[in-house]
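You will see two complexes here that share chain A, one where it goes with chain B and one where it goes with chain C.
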Partner chain A sequence: MARASSVAKQTGKTGEARKGERYREMSVAEFFARNRELAGFSNPTRALYQTVRELVENALDATDTHGILPFIQVSITYDEELEAKHGNAKKWFRVTVEDNGIGVPPTVIANAFGRVLFSSKYVIRQTRGMYGLGVKAAVLYGQMTAGKPVEVYSSIGNSEYVYSRKLYIDTEKNEPRIVERGQWRKRSGWHGTRVTITLEGDWSRAKSRILEYIKRTAIIAPYAEIVFETPEGQVFVFPRLTNKMPPPPKEAKPHPHGIDVNQMKLLLQSTNARTLLQVLVTEFQSVGKITAEKFLKQVGIPPDIKPRDLLRKEYNDLLVRLVDSMKSYRGFRAPKSEHLSPIGEDLIKLGLKRMFEPEWVDAVTRPPRAYAGHSFIVEVGIAYGGALEPVQEPLLLRYANKIPLLYEEREDVAYKVVSNINWKIYRVEFPAPIAVLVHIASTKIPYKGVGKESISDVPEIESEIRTAVQEVARRLRLFLGRKAREAEARRKIITIAKYIPEIARGLAMLAKPPEKWSPPSEDEERRLMEALIKLVSRNIEIPEIPGVDHEDPEKVVRSVIENIHLE
Partner chain B sequence: MARASSVAKQTGKTGEARKGERYREMSVAEFFARNRELAGFSNPTRALYQTVRELVENALDATDTHGILPFIQVSITYDEELEAKHGNAKKWFRVTVEDNGIGVPPTVIANAFGRVLFSSKYVIRQTRGMYGLGVKAAVLYGQMTAGKPVEVYSSIGNSEYVYSRKLYIDTEKNEPRIVERGQWRKRSGWHGTRVTITLEGDWSRAKSRILEYIKRTAIIAPYAEIVFETPEGQVFVFPRLTNKMPPPPKEAKPHPHGIDVNQMKLLLQSTNARTLLQVLVTEFQSVGKITAEKFLKQVGIPPDIKPRDLLRKEYNDLLVRLVDSMKSYRGFRAPKSEHLSPIGEDLIKLGLKRMFEPEWVDAVTRPPRAYAGHSFIVEVGIAYGGALEPVQEPLLLRYANKIPLLYEEREDVAYKVVSNINWKIYRVEFPAPIAVLVHIASTKIPYKGVGKESISDVPEIESEIRTAVQEVARRLRLFLGRKAREAEARRKIITIAKYIPEIARGLAMLAKPPEKWSPPSEDEERRLMEALIKLVSRNIEIPEIPGVDHEDPEKVVRSVIENIHLE
Partner chain C sequence: MSSVPSDKVDVEARRRAAKVIHEKFRKVLDDILKGKPPKLVIPKRTLANTRFDPEKGILVMGEDVIERELLNMGEARRFMQTILMASIIYQALIENEYPTIRDLYYRGKHTIVYRDLRGRKREENTWEEQAESDSVIRDVEVYTGMLREDMLILSKEKGKVVGRMKIRSGGDTIDLSKMGHGAYAIESTPDLIEFLDVDAEFVLVVEKDAVFQQLHRVKFWDKYKALLVTGAGQPDRATRRFVRRLNEELKLPVYILTDSDPYGWYIYSVFKVGSIQLSYESMRLATPKARFLGVSMTDIFGWKGKKPYLTERERRNFIIKAKDLDIRRARELMKYSWFQTPRWRRELKIFLQKKAKLEIEALASKGLKFLADKYIPEKIQTGDWIE
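Showing the complex of A and B:
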């Protein structure tokens, strides 16, 4: 193949085997261009959805992660130029997302959008982006299908300028190829980023998913204002519901349980610490000096060994033993959670209320836990009734680091847990109008694929989800129990109350001696009825249900009497 | 973080944003080291399984893809050195796989095992490997957990030497770091490769999956001899059942339906063709000169335009239009399938017979089809009865390019099809003892992840699987129909035959005048019984079932008479 040999000439890294085996290196950009389905770009429908997702997630990371209340504008328009040229059906789209975030410095724009695996997300902090891949995969898909460059406008807060770049990704070299650059003095105080990607898509099929995605994003980020304009010119506005925003996550050092030999080597190469003891104390979280000393003594490694020495070949076994012991030593404190940013129970409830106007809603944010040295927090909300349709299994809303996950539900750990709960225990009888929201916040979400659609069943995470769902479900059980008793009480009230007018009339007559029996006056009748209503109301209790307005029994009795006509 | 800045110094590709956003580049090796779950290395159980898989698949690619009858030796042993050092439970393993394949040239060994995205699989041909990633992911996992280098011994057929390398992957640079090299003169004619990876694993949990994987590999490659030695010293031998091997797949040129703008640009850069017309005819498959001329005329692009000119910026729109038209033009011939290597109906049936000794088995290899310019062939086998346990839904055996797929079944397109078939139509009533094997052979398997466990639901593939399953299921229906009629016939035989002795005795008496009635002699009785057996047998038909030995009705009648004692 001509291509392989041309690459071969450039890199000099090929070899020829018997029977014509040809080896060559592939750049990571070419790899993801060729295997675009791995990043979620498997067809025009999915690609349009994925492009919106990646841009919106970057926009949110540039705002709320830095304490800025997000204002995100998303628009999908037909690319009329391409339509006109190709005389083709409506399949060319321009996806534009603008944010009011921290902006990308002008020196970085080209690499941030034109070099795969170049990112600011490679630190230990909870962000939506993780891989340094998503937007570049969208840029690649765009240039492969529509042949147009990505367009970026950005300004950082303290800059006087807005900078623009139009660029392609050179897939052979994995580097940006800038085709146009611009620079303007700012007229307003705007800072943020505006990105446009042109691509082949299928709007008619992607529409419902994209709307669902934006709706669910708004649920979980009610402090964000999101405006979405469709190709038909429809505009959906999700207004900001609150100015209360979770505190932005902080960056963290690695936890000793989450380290591997490879990372340890990189760390030993770059540390300023002079001894192994210092490395443990300064380069890791949750390790105090006393703990570190105790730990090294227990595993029998001298604390004053120099970091660089540990990298020498003869110390390799020692290094492996060190890392192995670090991973399993129980004496370290648990990972910190200050670099995590859960949504919080209030915001989850607010979001669920907005979406479903449910009869009942509750949520729980679990305390931080860790798996393999990565801390994580599980949050669960349950909504019941209201605008929810009765369904055969709970409507599941999955989120990871505030990203809604819509595809591959059945492979997800949250589905595994929720579908295995015995809901009868919680008085939920299907079909039931119930939705379960599960959010996992972590410095490292164990996604099953780079498309970020489903989460692996890491035992620690699975168990936390189960505990959280059970906790909220127990409160739901109380509600449903009281609701059942309320229904029972109402039935009783109705049974009694509907005879009250009759009884009142009878009593009014009986109050007089038989010779004076005559139809009671309206006044008499009303007085007796009032007395009876008070009597009955005092003796009937309607259970209080938290989160639901408590009804006055007297009011219930009156409404029954007004509405029930005895035949 | 110290590490980020040290990388920054080296690459010079970082920038500092307000509020401390730090950008950096990550090598693809570091990417897959950090996100190892993407390649299937999510925990010690899965990692051990995945390591065996990747090595076995490479071994098979080095043999049957090149027309060599495979002899593969797999062994998993405890690493006693690490055990002794760490005083830890049995969790350190050496996985060794040796093949008799074409070998890796000595100049290439280091890159082939120590550089991610360096491979001989980046051509259009059906191979098990696709990404140039799997074995390197295993090497990375090994060095990260056990800290030991991968050990490779290899010799190509016409070489007088065996070469060895021990190496680590330098994850920061994505390049091999050789720590030991050797060279020996060959004593035998051996050629092939032997690879050992040392890693942390969980044998007790991985055992059943690994055995299942090797068993299923043997089913689909009955021309291979596979020997597997477990850590406990158990040896499983899967002998070669046949010397008949499918013809090895050939390398192919791209099909015009499978091209994108990006690939087209690379191709235009490297082609020796002088005009666009020549490019279409020489660099693509299934495009003749007349078709190419017709196509270019229809889309209005001059056939004599120079390939390099098309790369100029002002022609970009033209190029996009060209590629777009190529993808949708219906006049090209379908992709060739000579670079595909299906298993064939005979080998599928042989494999299923070996595994289940079923009562009935059949298979179909469908004609080649294409999706997005990639050709593919679907094969389906169904086994019924025998050693199969009755189950609630068909036992599904999934294969892709002869790789058994064991995880993520419910996300796979084959599961989607098989679970949506209305099996009642085919007389299959669950629980039923039924297994369905689905094999997809393609130059590009659309896996959902680099761990290669499930396949996306590409509409063309989905529809082919459905057609194939229905085709074999219809034959199963015939079998089950005949089987039902056979059961019916047997019931009849039993009903009639069990009275034969009684009737014979009665007839023997009736044949004489009443005054001579006396118990018939044994001889008389036997003769009459014989006559009756012949009479009954002639009138009863047991349906013939293809693939099942046809029973002689007379034999059935006799066995009934012998075994049934009237009370």
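Showing the complex of A and C:
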């Protein structure tokens, strides 16, 4: 709060000084403290939601990205101390997330949680986190609204200790300010992290979004066990459905198409390579020696030029030309995709099945593609019927690197694609009970903002999503076609079978010649009825639908007749 | 009801009808027991499948048939209805009953309660209105090749007869010349009537009940040795069958007297060739030799050598202006091939020219004597009728 008042003072002064502008530098921490809506903290409702999100995503990054089956516990409780202090308003919350991940080394905790733009994820790897901002934005929001420090407990796998830190962020300096530290010897083999952030929030408004977020996380990660406790003490448990996890993503080298001058400079500074040729071959993916030689020859840059020399001023133009050519040269192989970690068709189906108990579900994982030097994979799942409510447009479940995206739906490329699909072609007539899941896995997700809520319209991604949706939708159409035929067959059976008792009775009467006529016995009617049942069931076929139990037409006919009575 | 009928004719008719029904539906049953999808092959009762047979002089059904299949969704209901109706009629025949078409409607009407695709309870009646069950009766008629009269189904009696003849019906002998001011109501099952003593030389059928009564009061039938019949407007089946039998079995010439308008002419046409909607009955009900006695347009207006029966002044008093509907009907009649004889074309031409019609009562008001003692006998004697 101290910062806010000093800001006000400065603004006042600026107003008085008419003669010239006043200049100063702002730390990145202060920048995000002032512009918190950029990171998704625009109001108490969004802030509570965003805090849960950042912590859960870090927890998942610390587990599945490292091959650990996640066990995540989330709890939101009222902070009674602040409540008492501020006139009992129910707007102070403690958000705690605990994971069984790799933990944070004690020396790093302070920076990881207290220095904006400090991250272990600034490498080319498919992780949820990418900016080095998330948890700090939550910490900043917490200390600015509730005035309390973040509390971290963490232990790495091979350590004998659990370490704790309570810290604030010094916004002016963008530095952690530790206010309490602790250390315990471990009694069990526990490793992982537990983070608590205290903040002002609006639970009643955020509740449905947060629940939805956790549900969708469970859909995309059915291998995780997630426990969520609400401030009212309600506990939601999403048990682990499978021990199968997608293979963890691997770190990749940059692709020449995805590089810029700055990155190139950093790379040239740190490389051990002795020549430019070696730099291209060892520091980049998809570039072999022959390709590199061919490329350099074509652009006319000497292959044996020394990396450090390239950093010299007089070579600046050459460097710019080099990077430019690298970006546009068509001769490199496409970016590698082995290091990507898609969820896979089975897990998508599993997750959708648990959430919607649909009548039909299917999914596709597309082959890897690339945009601007970044490889990506699109996955799409569609669920139909069952517990899904009929809706006017498909329920869209968007994911990017396994993060559920809930806000800004209409800005998202996936929405653009899904809402422009002509669903009629696929026999889907709205309102329809349909959900479409779209997952984009990439070493770089082109988010529209640091709040990570929507993805930009990258043409390559857009066209991949369309292809994937169409592919699954075609299978849905097959199913719906068979289903329609099945319903038609059933309708036919009902239409005809309901007359069987009446016909049997009439024919039994007509069957006896006039000379020897007597009222037909029940047995005689039964016999005729059986003949009619056999006849009708043998002549109406119920089409088989894969994955759905095929019913014997005779059973259907019998059940129709059992339900009939005459009045 | 179920007492054994003493009447031999009745017993015989029942036996015959029941046998036909049994045999016809035995086929359906055999198919089902053999596992063959059953179907009823029924001649089509549509206008398109109706044609005029100039040789027989009646309307007949064409060759078109419909195959009513149980396994066809659109026909299953009608299939069920046909079986249901046949079984009720069959049972009634065996149990010596005389159901009316209304009885058949009530006996066969039940509600089938079943569950639909979504498991919801649904109700369906075997048939809704009597129009529906009546239409099923017609199907049974064409499928078995029998008329409802053959199956001893009763309908409302409408036709009447008096005259110089004795008949036997239901075991009783009835003298049709001793009916007082009343008349014998032609029964629904005219085939059960036995003709006994006949002392008549022709049959006069009058369209209107009132004219029938007037001619009866003056004992027209006694004086001219006739049988006097009326269908009281559009004739029912029994009246038509009765007239046909008089013509066919007793060889009595049949003269028909109607209003002079397209409606009256159509009634004549129904007696003579049959009804367009129900051509399947014509084989048994139509009287192709029936003659149209009057009232013709030439009776009113005269023609070449023929002097009209009405004076100029009478014409002015009695003639009614034809309505649009009459004109339309006349144009319709012109399309029918049996109205395309020179005499009929002349009639229709005059009608369309003059746009005038005449009710037969007008002739009676000219004097009942004129009608009974001049108009009718003179026209018969001089052969002034249209075939």
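Rule of thumb we're sticking to: the second predicted complex is superposed on the first by the 504 of 567 C-alpha atoms of A that agree within 3 Å, B and C clash if a C-alpha of one lies under 4 Å from a C-alpha of the other, contacts with A are read in each partner's own complex, and residues count from 1 in each chain.
Note that a residue touches a chain if its C-beta (ideal position, glycine included) is under 8 Å from a C-beta of that chain, and two chains touch if they have at least 3 such contacts.
Predicted model only: the values in this text are computed from it and were never measured.
More residues of chain A are touched by B (comparison of chain B with chain C). Of the two partner chains placed by the overlay, only chain B lies in contact with A:G103; chain C stays clear of it.
When the two structures are aligned on the shared chain, A:G449 is found in touch with chain B, with no touch to chain C. In the superposition on chain A, no contact is made by A:I421 with either chain B or chain C.
In the overlay built on the shared chain, the residue A:I494 is in contact with chain C alone; chain B does not reach it.
In the superposition on chain A, A:T271 makes contact with chain B only, not with chain C. Those residues of chain C that touch chain A in the shared complex are 15, 18-19, 21-22, 25-26, 28-29, 32-33, 35, 37-38, 70-71, 73, 76-77, 79-80, 83-84, 86-87, 90-91, 93-94, 110-117, 123-124, 126. Of all the residues in chain A, the ones that touch chain C in their complex are 487, 490-492, 494-496, 498-499, 501-503, 505-507, 509-514, 517, 528, 531-532, 534-536, 538-540, 560, 563-567. If you check the complex, the residues on chain B that touch chain A are 1-6, 13-19, 21-28, 31, 33, 35, 37-38, 42-43, 66, 82, 85-86, 88, 102-105, 107-108, 111-112, 115, 117-120, 122-123, 130-132, 140, 143-148, 156-158, 171-172, 179, 251, 253, 260-262, 266-267, 269-272, 283, 313, 316-317, 319-321, 323-324, 408, 410-411, 446-450, 456, 458.
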